[in-house]
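Each chain carries a letter (A, B, C and D) given by its place in the written order, and its residues are counted from 1.
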């Protein structure tokens, strides 16, 4: 048995594209409750109140929607070297080094077989709160302000891919990721995979693309401290005319308590709470769900709304 | 900079001694809500409903109270070899290999300078639920039964030591632990240290011994999914005549929402909830609290009850 | 303007019929978490832990399912006389006095135009807990035991009627009830009415019968202290194989946080939490929802499951 | 047995005096989360988001602190006549009719033997939200905005009196109040009384004055929907430098989950949650606590902080 790999430390940030930048920014700050670190060159850099880095969401004005790129922070400079060597030794598309965004240092960019762009980086910019944003307690990253839903930290991203097995190989090769749970469809294909590179039960999921899209985003998610925060957020979304797609409810897979909404440009955004669940076992065995098993306890018995299986960004009808 | 060490996977179990075995066992099962895996040779092997191993609490009938030993599971057989080599190369007292308790394989035993016994092990016995304890969802370890407080998993243990700095050296050398938070007293000594070896904010804490005890236990803690579970537990403890020492409240240090009670033999037991807090930064900088800083937000302003600073097990007056 | 009438104090109990008595009783006690006060003559008398009366649910073995009768306690002996006089002066079917069930004194029975049996009573039997059920705090009715969902008290009952306007007249005439909210369908008919006779936002609801049934029950509901208790209950129901119909979610109407399940005989049972909502205004104006308004925020946007509109007990196909 | 009296509908508003008006107003709006209906003549009229009246808190600039007056709304014009007649027939000090504050019609003013001013009124001004404050759901009074603690509605007020028995007579005579719970001290005096005039377990409490003050306020309280809202509020208060006196915790008396803070002028303000507790029994028997009984489960065993027994407003040393 090989040893588990901890070269990648955690999901660092997600770049989300929007063709309604002002409305999306208003949503993410005033309603969803992220904080604005900076605006620079057509992008807004946002973070949750306890995210330690300068940003975890890069919101970028664009002609379309979906995901720009996904950034992971590694565990050390040496780990970065090991990961880069592994990726370069593979057949995956490599874009090479960039000097990094506003919030971090040099990043190594590469691409999965379905057109999603990834980057790995070590050097980062810790968020340094100005006096008015300094917390009462020095062990959190900034002041807790109950603005909108106000989640605590970035949690995970969910991508779409035509072939989840192929995507799984990519994650294992490039990030050394472990599969904590997966769905085996009756047709033999993988319907979805949930990946982790640390003790979280997952920080990236990939589910099967049911449209003809490429490189699409299913959703990006922030974590709340309690389930009650999500119930409270549902009221806030309702008061603000936000499209609530489904939830609050609990997924059978991963046991995540969830709420999905669409931000003004149509990107699906989630709030989630995992309770005290962690993957502490170093030899965790992948949990494989059949279609039947999954249906049994899915969302405490609730039938999932149809759009959850079809909607992604950008929408397929907008793809040229 | 050296790379973070992940040789140790997680806190595996704590052995708690009791001189009122039957009452303690009744408390831990019926009121605190752990499940009994087995009784064997004067000990009861207990686990929370989502602990994946056979046991996380070994309750042992004894002439005294306190902690028997603390077990950590390592990340791989190779990691175990590395840890054993590091410990043997140190000056700490080594007891060597045991064949392991009911719930795991061979364990390497050693001792901190204050008389607490530790062990490291790789091979373990996963809990295999009998039909009546099989969960509805296959990604949890056993059926959730709302018996008593019913926490989800083992969280951490808190030991007492005459010299916290000396203890810190022990944890860094033997377990490769990181210090996430610590208290620097006005007299220059360390008042307490919180250690982690994974993404939890801590799984072991050490605070300064204010009695003349040796090898004493301050408390052992299980985690609940939500803070509400702890408020609910307070009512359950009250109905069952359990001594509630302090809480529910929130520590400034680590932001833990807590409730402390004494089980019938006097060992302090905690329920805790950390919300979505994790230590994801691979280069987390230790947060050092001065006495003044700590007082400011301690328990939302609540003055800590005196016994919290003096009571440990075994009580000092029972030490020969 | 006439003065509000407070002759009727509160919903006292609901009799539920079951053709699977043993299974239903096991559900209501072990899973739903009510306490058994007594078994007598084919019925079990049950109460929630803070219900002050001997019983709030009378579970009766029968050849069918649905509701046996609904009991309201009045505010005084004089109030009972006034109500009886008002009912006798009306055209509604009167069954007259009975000596009362195990849990209360003489009751005056009458019937709504759709075949539901009601009774009013003043003399009652307070629950007198045996030593093992005495609470730690003397201001609650019995010991809180976290057995199953363990709701706090009876909340309301929901009946079905072919003509809600006719039912509304009945409630106003016989109980002096106020309508706090109602649905006005696009066809001009009332789709549902929520009635109160105290400061609760409702303790009885009537919705339009969409089957050809008569005297049918839509559901009976107990209240929990917190919304978290309902989320927790969803897990308990899932673990026990209970059919979860819909929820946890929040109704637009009345703002009730809800969870609907079917007990083994098919009767729909709800857990609900109203938060701090009370109808304190003595001149509360009925809130009338159009179909469009209702859909907007129904269950935070969730489409209601079809069975919620069609299933009642007894099922229509079982009616001879 | 006499019938229960429902002439008084509910606590309507409390006038709080402040000698730091701007700071107090900032606290009550930005941090505590009330909404400003109007400012007029040295007072600010405030309400919680689901209070149906124009205001429930009148904050008045003054040379001192404490309570200005307490307003109760009656159940009907006839009920007002009955109450006025009863008060005029008593020996209590009567101030007579005023034309009413900004938020309501004519009010009848009178005084308890300890200098607290009361008023009763029928005609009121319902809050009519401007477009930007209109809620998504028409059955709540205004839009829910998660600004600060954002409680749902006014709950109760707690006054101090030298002789609680004398105060109890006043409440029974003038308001027809019922005593739901009380403390009988070992010296035979009443230590505190909790009064209700509807189904709430109390909307006014009176505890024994331990200073030499007259007409003093112990605290004023708003209700939250969930206990979690109070835990969340504790973090908000901490971040805003608000003095947290005690809590969050649960009182043995009334089972209220509470958090006490001091607003900038020193008036004690509470957030409270009663869960699903209501006094539905028309013949509720007063619960009388001895000192011993009360201590047993007070705040889940927590010793109450000393200031809770001594601090009131205005502070005694500021009384000329």
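By our rule, a residue touches a chain if its C-beta (ideal position, glycine included) is under 8 Å from a C-beta of that chain, and two chains touch if they have at least 3 such contacts.
All of these numbers come straight from a predicted model, not from anything done at the bench.
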*Identify which chain pair among B-C, A-C or C-D reproduces the interface of A-D, meaning that over half of its contact pairs, matched by residue number, are the same.*
B-C
*Between 0 and 180 degrees, and as a multiple of 5, what angle does the rotation take that fits chain B onto chain C by Cα atoms?*
180
_Centroid spacing, where centroids are CA-atom means, of chain B and chain C in whole angstrom_ = 46
*Averaged over CA atoms, how far is the centre of chain B from the centre of chain D? Could you give it in whole Å?*
44
_Separation of mean Cα positions, chain B and chain A [Å, integer]_ = 32
*Mind pulling the residue numbers of chain C that touch at least two other chains?*
136-137, 226-228, 235, 238, 297
_Interfacial residue positions of chain B with respect to chain A in the complex_ = 1, 3-4, 6, 9-10, 50, 52, 73-79, 136-140, 151-153, 155, 181, 198-200, 223-228, 252-255, 273-278, 280-282, 287, 289, 293, 296-297
_If we count contacts the way the header does, which residues on chain C are in touch with chain A in the complex?_
227-228, 231, 234-235, 237-238, 243-250, 257, 297, 300-303, 305
*Touching residues (chain side chain B, partner chain C) in the complex*: 135-137, 143-148, 150, 226, 228-229, 232, 235-236, 238-239, 241
